[in-house]
Each structure stands twice: as C-alpha cells, then as structure tokens.
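The following pair of complexes shares a single chain, subunit A, combined with subunit B in the former and subunit C in the latter.
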Partner chain A sequence: MLRRVIGIAHNTFREAIRDKVFLTLIVFAILVMGSARVVQPLTLGEGSKVMKDIGLAAITFFSVLIAVLVGGRLVYKEVEKRTVFIILAKPVRRWEFILGKYLGLMTVLVASLGVMTAGFYLIMFITGTPASAYLLWALLMTCFELAIVTATAVLFSTFVTPVASAVFTFAIYVVGHLTRDLRLLAAMSPSPVVKFVSQLLYYVLPNLSNFNIRGEVVHGVVLNPQTLVLAAGYAVLYTATLLLISTFVFGRKDF
Partner chain B sequence: MVEEIRPRSAPTGPGRLARLLPLVLIIWGFVGVYLLQLTFDGTSKGKMRERLVRELMYFPSGQFLRPAAIEYQTAASDVVWLRAIQYYGHHLMTDRRYDWLGHVFEIVTELDPRFIGAYHFGAITLAWDANQPREAIELLVKGMRANPMNWQLPFDAGFIHYMLLRDYRKAGVFFEIASKLPDAWLVTSRWAAVSVAKAGSYDTAREMWLDIYRSTDNKALRALVLRQIRVLKLEESIDLMQQAADRFYAERERYPYELEELVREGYLEQIPREPYGGRYFIRDDSVRTTTPPGRRD
Partner chain C sequence: MSDLTDAVISTFRLSKTYRSGLSMRRVEALVDVSLSVQRGEIFGFLGPNGAGKTSLIKILMGLCRPTSGTVEVFGRHARDARVKSRIGFLPESPYFYEYLTAEEFLRLTARLSGLSDRETGDRVRNLLRTVRMEKAAKSQMRGFSRGMLQRIGIAQALVNDPELVVLDEPMGGLDPVGRKEVRDIIAGLRERGKTVFFSTHILSDVEMICDRVGIVIAGELTKVGELSEILSGEVQSIDVTVSGLRGKVRKALEHVGQQSIRSGDSLLVTVRGEREVDKVMAIARDGDGRIEAIVPRRKTLEDYFMAHVQDAGEK
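Entry: the complex of A and B
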C-alpha cells in the first residue's frame, strides 16, 4: 500500500518539478526578495525589517501560487489525458491515488520552499541583513498553511477544470484569512440567521490566519509553543478531512 | 509530379513588409503607451509623491487595510512606511504642512502593531514638525498597548510631556514606566529623576535631544534632532541677552540702543553666534534675530 502511494507521489513530484510555471514562480520569488535591496536605502533605518517582511511574504505568496496553479490541474490532467485509466487499472485504490498525488505536490512545495529560503538567506547575507534561524518558525507555519491550501486545490481538481480550481482555491485562501471578520460579523449582527451562518462558516472554512506568525518572528517576539502545536494539529486534521472528501468525490466518478 | 524543393529564402517586397508589420505594431503600441503615460504624469507634475500618499486617504483607517492585505499586513505596512517617508520628506522640503501625517502613521501601526520604529519616528515628527503633541501621545499610548514590554514608547511619551507639554508630573510617570522595563536605557531613570525636580534648563533639554539622537539610526529623525538643538541654541542665546538687557534697564532705566552696548558696559561677555547665520538685534525692549521663523533650518 505504502509503496503504491510513494510511487504515485514520486511520479507527481517528477512531473511537477518539470513544470515551467513552478520554475518561473521560484525565479519570481527570488527576484521579489532581491528587490527589497533596492528599497533598503529609503527605509530610514528599517531596512532589516523591510527585507525580512518582503522575503517572508514573497516565499509564502509564491508558494501559495504554486500550490494553487500546479495543484489545480493535478487530478484533472490525469483524467483529461486518460492516464488515470492506466493507473486505476492496476491494483491501486482511489484513496491511494489521491494521497499519492497530494504527497507528491507537498514534496514539491517543501522543496521549493527550501530553495526560496536558501535564496532568502543568501540575499540577507549579501546585503548584510542580520539573519536569524528564528525566521524559520514562520516558514514552518507556512508549510502547515500550504498543506491545507494544497488539499483544497486537490479537492477542486477532482471535479472542476484547472482554471476553475485555481480560482476557487485562491478564493478559499483569501476567505481563509478573513474568517475572523466572519466571527466579528456574527457577534455584531442582530439577525439570528446571519449569526448562525457566519458562525458555521467560521468553523467550516479553514482559518488560515492561525498560521501567520511572520510579524512575531520578524520583531523577535517570543512564540507560544502551544500555538505552534495547535496549528500543526489543525493543519493535519483539516488536511485529512479535505483528502477524505476528495477521495469520496473521486470515488463516485465513473471510470 | 515531383515538386521541386527550393531552399527557403527571406521574403522580399510586400511579403517581407507583412512579416515585419506585427513587430512594427508592437513597437508603436509601446511608444503609444509611453506617450500616454507621459501625458498622465504631466497633468500632475511634481505631485507624484503627494498622489501616492493621497491614495491612502481614501481608506477610512488601517482597520480597513488590515483584512485587505490578507496575510501580508507586515509587508503592506512597509509599503505604507515608505510612503510615509515620502510624504514627510516632500512636505519638509516644501510647505511644512503635515495634515495627514497622523493618519499615515495610524495606518502603518495598524498594519504592523509591533513596528516600534514607526511609533518612534511618527510620534516625534507629529509632536515637533506637525505641532500635534496630543496626537503623538495617542500614537505612543496605542503602541504601548500593543507592546507593553517596550521601553522606547513610554520614554518618547515622557519626552514629549517634558519638552512640549511641560507636564513634568506625567513626564516623570512615563520615564518611570520606561526605566522599569527590560533592556531600558540607563538614561530613562535619570530623566525620571530630572522630571521630578522639574529642572527645565536648556542643558537638560539639549541632553534629552542628544539621547533621542543616539537612540536611532533614522536619518530623518536625526536631522530633526539637529534642527531642534539649533532652535534651542537660538532660544538660549536670546534668553541670555534678554536677561542682560533687563539688568541694564534695571540699573539705567533705559534699554541699550544696540546689543554691542551690553558688551561694552560689561553686562555680556560677547554676543553669541547666531546659529542660522543671521544677526541679533534689540528693538524697543526685546532681543530678536534677523532670521524669520520660516527659515530656521
């Protein structure tokens, strides 16, 4: 079972790594990080903060784009090219296929995150920005966030076209950062219906702001270990749930 | 029939023109875009910085921008910070009106509540350049709520209370808070003691400004400190000569005709150098300078 999942993940990794979109986005991310050097002299003594903010934001943003764009066509492409028939004709269960695809893309994302992080630290070294390993905590949280975004992309990829999947996943990503406003709306609204719907959406939609600790690490604020553990648990559970839904949807497809 | 295979040669005549047409159109497209942009920029010549900041004014507050920035609030705060510097620099060089300065710093700190440099720079420029010490204190108190362990913010609040609002009791309270926080400068406890003694001398003020100077790498803030030290020097000199002129009056029942008379009669050792290159003079009963307030830089 594990061998089959790893096999699919390995293939997905090899395919995605050759994707031009993927490589272009990494180059763009490194260019954006380097651009922080240009504005550094204008920042009146805040160059180090600006460099770290822009670097971490670029890594997160471009990783999310990779997850959305590459993840969005992950399953759909297999169905469209009919390669899925060949795979499923072998003794591969559908959930193994989904899990393999997901793990393959996650490996790609972690690898790209590693490349971008190396680029980020290199730029900080060249520009003389004081770099600390403490920033890596923010990137670890980005990995958790990517786990959920990728699972969302895989879910949409099982039943809509790549473009629609990318749009829907990106919408979920944006809304996922605004769920606290939904809760605020629930608290302020006099209507019980609005209250109920807002509360429901608050808990059903992924609360991605749980993973944003970039402000804290850049300013060197001491992190609460409980926050990190809870965020990890939330990411694992939410991802598992999304993959279960993906398997269910994919399982109902008639091949 | 066997078709003769000919080597492909570059098209000549109308065929060649047709191949070049798209390229020519693309180049002209960019030229057109360039010309249009020039026209756009020409309509608001010299106001690019102002326009960049004015965009921020359409937002009611940073509370609106926070969700709009999704999860990139700190990076967004850097962008607004750069615009705040542009805005400050532009008005410093032109009309010295800073109507929106408080609003811009409110947005920066709403997007990144831990941005100590923004509170520090924002409060000092608001208090001295924009002449809004109350707004500056509000900004610092907001910063203290978000960063209760940071000593710089209560120190700045004490400084503004001491220097501008002349409220030595509150200044003492803020300096005391600052001195008890981790990593606080030793000077904070010194200023707490000075505030209690209400010693408002020029030397004390100069020392405080020098402490602010040492506290930052911000070039604009350092320039502001140097400007304030020069203002202090001017006020101190005028004060010194006025006291001599008043002593002269008390003994001779008239004010001197010129300041040199104070030196000749032994009321003053020498006339101090005017820090802006102007000249001191006495008219009626008060000592003045030829440098108008607007040119004291």
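Entry: the complex of A and C
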C-alpha cells in the first residue's frame, strides 16, 4: 500500500518539478522577497521587520498560489488525459491514488517552501538584516495552512475543471482568513437567516487565520505552544476530512 | 468449448446506460451482455464504432460500474485490487505522462503493480526489448509517435507478467510491421498460457490469432463462437485468371462469372463453383486463352462480420 502511495506521490512530485510554471513561481517569489529592500527607506528604522514581514508573506502567498494552481488540476488532468485509466487498472485503490496525489503535491510545496526560505535567509544575509530561526515557526504554520488549502484544491479537482477549482479554492482561502468576522456577523446581525448562514460558514469553512503567526514571530512575541499544537491538530483533522470526502467523490466516479 | 468453471472473465446480463446531454437522454451502451472467457484463450471482441466494446472493457477493469448485471474476473469483483494484480490493461489511444521517459514510466507502472526494485530493472529492460523501444528508453514520451506510445502501452500492460491481458484496440496507430509484432506478442502470450481479451477493428488480425470471437452491435452481444465455427472453411467463390483472350471470348467469359475484372489482356472471373470453373476453362481453351490461376475464396471474418452487422441492422 505504502509503496503504491509513494509511487504516485513521487510521480506527482516529478511532474511538478519538470513544470516550468512551478519553477517560474519560485523564482518570482524570491524576486519579490528581494524587492522588499526597495521599501526600506520608507520604513522609519523598522526596515528589518518590514523585510521579514514581506518575505514571510511572499513565501506564504506563492506557496498558496502553487497549491491552488497545481492542486486544482491535480486529479482533473489525470481524468481528462485518461492517464488515470492506466493507474487505476493497476492494483491501486482509489483512496491510494488520492492520497498519493495529495502527498506528492505537499512534498512539492514543502520543497518549494524550503527553497524560498533558503532564498529568504540568503537575501537577509546579503542585506545585513538580522535573521533568526524564530521566523521558521511562521513557516511551519504555513505548512499546516497549505495542508488544508491543498486538500481543498484536491477535493475540487475531483469534480470540477481546474479553473473552477482554482477559483473556489482561492475563495475558500480568502474567506478562511475572515471566519472570525463571520462569527462577529452572526452575533451582530438581527436577521436569523444571516445569523444561520454566517454560523454555518464559520463552522464549515476552515479557520485559516489560526495559522497566521507572522506578526508575532516578526515582532518576537513569545508563542503559546498550546495554540501551535491545537492549530496543528486542527489542520490534520480538517485535511483528513477533506481527503475522505475527495476519496468518496472519486470512488463514485465512472470513467 | 472449454470448461465453464475455468472462466477468467464472466459477465451475466450486464447492462450499462449513460445519460447524455442536458435532456439526460438515455444511451444504452450495453444491454444484457452475458459472456464467458476461458483460461488460456484469445478472445476477440468485435463491433462497429460505438457498439459498446470500450464500455465493457472499462467495466472489466473496474473503471466504471454496470447499471445492472454482474461481472467477475478470476471469480472476484472487477474492482478488487487482488484481481488487478493479475491483469494487464492497454486502453484505447493511450496517453501517458509525457514528462516521463519510457523507462521511468515503466518503472512507475512496475512499482504500482507491486514489483520489487530488484525485479523491476530486469523486467523493464526485457519489455523495452520486446516492444523494440530500447533506443527510446531514456527519451521523454512527449516526443513519441502514436505507434511508439502504443508499444509502451503494451509494455506497461505486461509489466506484472499478468495472467489476463485486456487490450482495447492494440493495433491502433501501428504500421504493418508494428501490427505483426503485436500479433506475435499476443501469440507468445497464448503459448505461455495467458488469457487475452482484446477489441479491434482489424478483422484480419482477429482471424490470425483468435480462438473465439464475440460480436457486439448496439450494445448487444449478438454472436459468440469459436472462429472455426464461424468460418466453416467452405469455399464461397473461385477466382479464375485467364490471359491472352480475344474480344468475343472475353465477353463470353464475362457472362459466365458473378463478376469479372479486366487488367491488360488478363481477365479475373469470379465464379460460384467447380462447374462454372470447368465452363470458364472450356471457353478459354477454345479461344486460345491461358489459365493463369485458379484461387478458391473462403469466407473471411470480414465477410461474416459485414453480413452479421447488416442482418442486425435490418432486425
């Protein structure tokens, strides 16, 4: 079982790293991080913090972009190009296929995150910005956030086109950062319909703001380990649920 | 007929209905198909385009579910992973991961089929040799021709040394040399006791290698039988080629035959039986003609298939 899942994951990884779009995004992310130096004169002595903030935000944004763009066509492309016929004709269970594709893309994302992080630290070194390993906590949380975003993209890619999948996933990513506002809306709205819908969305959509600790690490705020563990557990559970739904949808599919 | 208990594939009243378009129009791809394929036989599955061949193959491979009826492969459910480890499959017009080299792709399929790394190396090398693709082993498949992709497709279907090989249009896109090679591969599989189930449009290939055939028309399995039963071997007509003929004699011969074709000073006359052959020979002799050839024509699978499709259409 593990061998088959790893086989599919390895193939997904190989596909991504041979894709020029993916490599272009990484290069572009590093360029954006480097360009943070341009705004340093405007930062009133907070240059290093702004640099770190822009760097971490760029890494997160481009990682999410890769997850949305690559994840959105992950399963759909296999079905459209009928490569899935070859794979599913082998002793590969459908859930193994979904898990393999997911893990393959997650490996790609973690690897690209690693490359971008290395680029980020190199830029900080070159520009003389004091770099600390403490920033890595924010990137670890980004990994958990990516786990959910990728699982969302994979779910959509089992039944809608890549463009629709990218749009839906990105919409969920944006709303996922506003779920606290949804709760506020539910509390403040006099309309029972708005209350119900806001509360429903609050509980159903992922609460991605849990994973944003960039401000804290940049400003050196001491992190609460319990919050981190809870966020990690939440990511694992939410991702597992999405993958289960993906497997269910994909398992019922006729080719 | 072989022993029915030794069935590798068995379907019972298998039907598949698709819904098509906005109006959800019903399209019956398969209707009550009951079929049994025995161990060690080469079974040719024939039918016009859109007859339901690929639908049946997809159900056999667990790629889609029947609307009703049952299907068993090696006595188990078609989607059972244990069954799939005993099957090799080539889909119609296969498309592979174009960013992989041929060797990488075969290694991937070997891994998914459960082969160990040690087994994989030798198996992949042998298969590349079998399908004559050793030279392209390290090339990315994005540059491959249709024929090359078909060869790689056949190689991946054989990567797990399967007991049952299911091939959907395996001769598609191949030149005559390639077709001959595929026929040889299939014949080799029979010698090794494997079961082969394949669909094709190329009837001469079926005639050369199949033990039994099934004909599907508009989703219904209208005929299943051994090739020797279907093609009884009886002479359908006789072609007589006569040369050196004068005008009057040629006209007389043209009247004797069911049909005649002129080529230079030769005339090919197609007649029904021996009596007409004698008549042609007598006329040719009297007119100083020479008999060049007398060739009996037996019923081909194509003749049978065309007549069968026509009959089914009329019904």
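To be clear about the criterion, the second predicted complex is superposed on the first by the 255 of 255 C-alpha atoms of A that agree within 3 Å, B and C clash if a C-alpha of one lies under 4 Å from a C-alpha of the other, contacts with A are read in each partner's own complex, and residues count from 1 in each chain.
Here is the rule we use: a residue touches a chain if its C-beta (ideal position, glycine included) is under 8 Å from a C-beta of that chain, and two chains touch if they have at least 3 such contacts.
Source: prediction; values computed, not measured.
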Clash-or-fit label for the pair subunit B, subunit C on subunit A: fit
Contacts of A:Ala166 with subunit B and subunit C, given as first, second, both or neither: neither
Angle, in degrees and to the nearest 10, that opens at subunit A between the C-alpha centres of subunit B and subunit C: 150
Which of subunit B and subunit C A:Asp53 touches, first, second, both or neither: first
Subunit B versus subunit C as contact partner of A:Arg3, first or second or both or neither: second
First, second, both or neither for A:Pro91, with subunit B first and subunit C second: second
First, second, both or neither for A:Asn11, with subunit B first and subunit C second: second
Distance in angstrom between the closest Cα atoms of subunit C and subunit B, superposition on A: 25
Residues on subunit A engaged by subunit C in the complex (per definition of touch): 3-4, 7-8, 10-11, 14-15, 18-19, 81-83, 85-93, 254-255
In the complex with subunit B, residue positions of subunit A that touch it: 39, 42-46, 49-50, 53-54, 56-57, 60-61, 173-174, 177-178, 181, 208-209, 212, 214-216, 218-219, 221
Residue ranges of subunit B touching subunit A (in the complex, touch as defined): 67, 70-75, 77-78, 81-82, 85, 112-118, 121, 216-221
Residue numbers on subunit C that touch subunit A, as the complex places them: 58, 61-65, 81-82, 84-85, 87, 89, 91, 94-97, 99-100, 104, 108-109, 111-114, 153, 156, 160
